[in-house]
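Residue numbering begins at 1 within each chain, and the chains themselves are lettered A, B, C and D in the order written.
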Amino acid sequence: MGADFLEVSLNALKLIFFFLMMVQMVPLLVWLERRGAGFIQDRLGPNRVGPFGLTQLLADAVKFLMKEEFIPQKAVKFLFYGAPIFALIPASLALCAIPFGPKFEIPAFSFWGRHWGPYEFILQGYEVGVGIVFILAAASLAVYSILMAGWGSGNKYSLLGAIRASSQIISYELALGLTIVAVVLIYGTFSLNEMVTLQRGPLSFEFFGKMVTIDFLPNWGIFYQPIGAFLFLAASFAESNRLPFDLPEGEAELVAGFHTEYGGFKMNLFFIGEYGHMIVASALLITFYFGGYELPFLTSQELLAIYQEAFGVGLTSSLLNALTHFAVFMFKIFIVLWIFIHVRWTLPRFRYDQLMELGWKTMLPWALGNLLLTALIYVASKTY
Amino acid sequence: MPLPSVFFLAGFVTLFGFLLLFVASKIGEVVRDRVKSETYECGLPVEEKVDTKISIKFYLTAILFIIFDIEIIFLYPWAVSLKEFLAQGLGWYSLIGVGIFLLIFIFGLWWEIKSKALDWE
Amino acid sequence: MVEALLFWFLALVTLFGAVAMLLVPNPIYAAMSLVVSMIGISGLFAFLGADFIAGVQVIVYAGAVLVLFVMVLMLFDLKSETQAFSKGLLSRIFKVASVGFLLGGLIGVMVLEFSWILPVFMQSSPQWTMTGVKKMAQLLFTEYMFIFQILGVLLLVVAVGAVALARSRGGTHERA
Amino acid sequence: MKGLELFTTVTYAHFLFLSFVLFALGVLGVLLRRNLIVVMMSVELMLNAVNLTFITFAKALNQLDGQIFVFFVMTIAAAEAAVGLAIVVAIFKRFREVNIRFFQFLKG
């Protein structure tokens, strides 16, 4: 985690910061979702508590805390309490492996009669060499919290909802995996940081021995993988159990799916996990297809040079650079999250057989075709 | 892989969730009630069934998922090193090799669709 | 020192999962403890510098195979088992003793062969692992290409066979 | 600190020892448990112990063949789990339980 005490503790604080950021984004998203629903359905949404109803979130949190803690008779206590806690882990582990900004440097300084060497921090929980594989591995653990909740509640609706949810998640994981293979093929790396680096500058690629450069477009993945980007978005809707794929909690059939028996803060933890998956999915979409934290026409090095001209070389400029890119990344994420919300209030829910058919008979073949096409064009254009 | 960081984060998250649940359980007032702690059945009396029948389809889906998942995972090392294969002049060779593998994959998928193993009625 | 701590932590997690799987009567809990063990083993793989394999370990075992186990167990609804362990004190002692004998033999061989007692250091630089994956791919798609193809055929056969088996005539569930 | 060296330095022997213990636990699971699914899980544990040995030797000998073999072993293990569980479900449908007692019905 680091060479000396300061680095270790700063890295630990960074991890905690990213986790708490995810937790804090959830009430904001809930507010956005409710206001958005109001906007889409031509009504007001929460607007009483505080300006624009923003402090509604605080009131909700307090309400969740004050709720009675109860456990149904039939529930298995360990699993019933373990599931909501475990629901937080996959999303937060995955989120911390996504780069939120470029490196920033703290130059060497002396303090307390000790010399503290120069540090280099990256705006990311931890840098994983095989980033995508790590994220896929962390995300594949999400099924367990659902199964634990469904089984631990001792309720047949919960169990049915859990089995539906896990079936759905694993079905769409295939299409997701195949689109990610195509992404990996384009970039030739597993590391998300390298992917972001590769998307810098204007769109330019080697096509049958000629270098093609298009100046008015950024070098983003979406121009290489348009079908893949769409498939990825659709599959991530299903992975995070959002409408139109929220069959696990189809009220008409299953009450509330695997969290039928949950209430109060336990429910809230599930909520955080679910929204966390949404955030991870949008961050991944941005990183794969929309240039990550980079600005479209200004690379992070150029921006750093501009800052260094204004503020001189040192901590200020590199920190400002990192924070600017952090803000850019968050802005991009919020656009994608708005798509999630907009789709939720626009499209109706599928039927379960339609859902599975879409996953296996439409998305999987399309993802396969996309991969084959990508590989063929790639190899052909590089050899001839 | 930065294992210490990963485990630190996992530990912190677990602790965070546990503490929140603990605090919530201390703050909220508790009124015990026999009916309240019954299994939720939309207000109807709880009906005990010997076994809840779950369609065999779910389990078939999981089996097929395992098989296709493995096949997809085999593609990752190839995809990541396609550039190196191209640099060595092995581009078409590796593409054809993987293409045969993918053809077997597609044949399997086609068979599953044709044999109605993936149909939900 | 940190490495040693990490190793012992991972080893304890893995062993805890394995022992719990062996001793817990409820099969669902056994499957969950095996998940813990798998995650521990994947951590050990990462410790040994095989990051990609570690990820695949979690994706395949914890994310796919054991999900299937847990789902099937839920399908059966085996809340508690009447008899989790095999009967007969004498045969049990005999079984444990023979396994102990096997383990003792293995360790004895290892202790006699001193050359493996070399310190191992954790590989954490991302560069090493990326090239590791690429080197592995080089081997896999040249030297082991045939095995790779054969595995594709095997998986096809398994897919067909599993579907056929799942649809075979049975008692409780209707024919699909 | 001389006596504590076993705990403070990690050697390849540690990994091999751990994998032996895991393998032995898997064998014990196969021998002692009666639930077919738990028996299969024990087999998975044994395969994993072997995988750990493979990775250890791959690192010790600085050869990647071991990692590739782990890949293959994982594939075989997944295939085995898929078919094995299909058989277990078939047994469950027939006998309403998944106990190794089932084997007594296999006598001709």
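Criterion: a contact is a pair of C-beta atoms (placed from the backbone, for glycine too) under 8 Å apart; a residue touches a chain by one contact, two chains touch by 3 or more.
Being a predicted model, the structure only gives us computed values, none of them experimental.
Enquirer: So if I look at the partners of subunit B and the partners of subunit D, which chains show up in both lists?
Expert: Shared contacts of subunit B and subunit D: C.
Enquirer: Go through B-C and C-D and name the pair with more C-beta contacts between its chains.
Expert: Higher C-beta contact count between the two pairs: C-D.
Enquirer: Taking each chain's centre as the average of its Cα atoms, which is closest to the average over all protein Cα atoms shown?
Expert: Centre-most chain by C-alpha means: B.
Enquirer: So, comparing C-alpha centroids, which chain is the farthest one from subunit A?
Expert: Relative to subunit A, the chain whose C-alpha centre sits farthest away is D.
Enquirer: Which whole number of Å gives the spacing of the CA centres of subunit A and subunit B?
Expert: 17
Enquirer: Taking each chain's centre as the mean position of its Cα atoms, how many Å separate subunit C from subunit D?
Expert: Centre separation, subunit C to subunit D: 5 Å.
Enquirer: Which whole number of Å gives the spacing of the CA centres of subunit A and subunit C?
Expert: Centre separation, subunit A to subunit C: 29 Å.
Enquirer: Of all the residues in subunit C, which ones touch at least 2 other chains?
Expert: Answer for subunit C, listing residues that touch two or more other chains: 51-52, 54, 56, 59-60, 63-65, 67-68, 71-72, 74-75, 129-130, 133, 136, 140, 151, 155, 158-159, 162, 166, 172-173.
Enquirer: Could you pull out the residues of subunit D that touch at least 2 other chains?
Expert: 71, 74-75, 78-79, 81-82, 85-86, 89
Enquirer: Multi-chain contacts in subunit B: which residues touch at least two other chains?
Expert: In subunit B, the residues touching two or more other chains are 1-2, 4, 52, 54, 56, 58-59, 62-63, 65-70, 73-74, 76, 80-81, 98, 105, 112.
Enquirer: Quick one: which chain pairs are touching?
Expert: Pairwise, the chains that meet the contact rule are A-B, A-C, B-C, B-D, C-D.
Enquirer: Quick check on the complex: what are the subunit C residues that touch subunit D?
Expert: Result: residues 1, 3-4, 7-8, 11, 14-15, 18-19, 21-22, 27, 30-31, 34, 37-38, 41, 44-45, 48-50, 52-53, 56-57, 60-61, 64-66, 68-69, 72-73, 75-76, 78, 81, 83-86, 92, 95-96, 99-100, 102-103, 106-107, 110, 116-120, 132, 135-136, 139-140, 144, 147, 151, 154-155, 158-159, 161-162, 165-166, 168-173 of subunit C touch subunit D.
Enquirer: For subunit D, which residues are in contact with subunit C within the complex?
Expert: 7-18, 20-29, 31-35, 37-38, 40-42, 44-45, 48, 51-52, 55-56, 58-60, 64-65, 67-68, 70-72, 74-79, 81-83, 85-90, 92-94, 96, 98-100
Enquirer: Report the residues of subunit B in contact with subunit D in the complex, numbered from low to high.
Expert: By the definition above, subunit B touches subunit D via 56, 59, 63, 66-67, 69-70, 74.
Enquirer: Touching subunit B in the complex: which residues of subunit C?
Expert: On the subunit C side, the touching residues are 2, 6, 9-10, 43, 46-47, 51-52, 54, 56, 59-60, 63-65, 67-68, 71-72, 74-75, 77, 122, 124, 129-130, 133-134, 136-138, 140-142, 145, 148-149, 151-153, 155-156, 158-160, 162-163, 166-167, 172-173, 176.
Enquirer: For subunit A, which residues are in contact with subunit B within the complex?
Expert: By the definition above, subunit A touches subunit B via 1, 11-12, 15-16, 19, 64-74, 81, 84-86, 88-89, 92-93, 96, 125-130, 133-134, 153-157, 159-160, 163-164, 166-167, 170-171, 173-174, 177-178, 181-182, 184-185, 188-190, 255, 260-261, 264-266, 269, 352-353, 356-357, 360-361, 364-365, 368, 371-372, 375-376, 378-379, 382-383.
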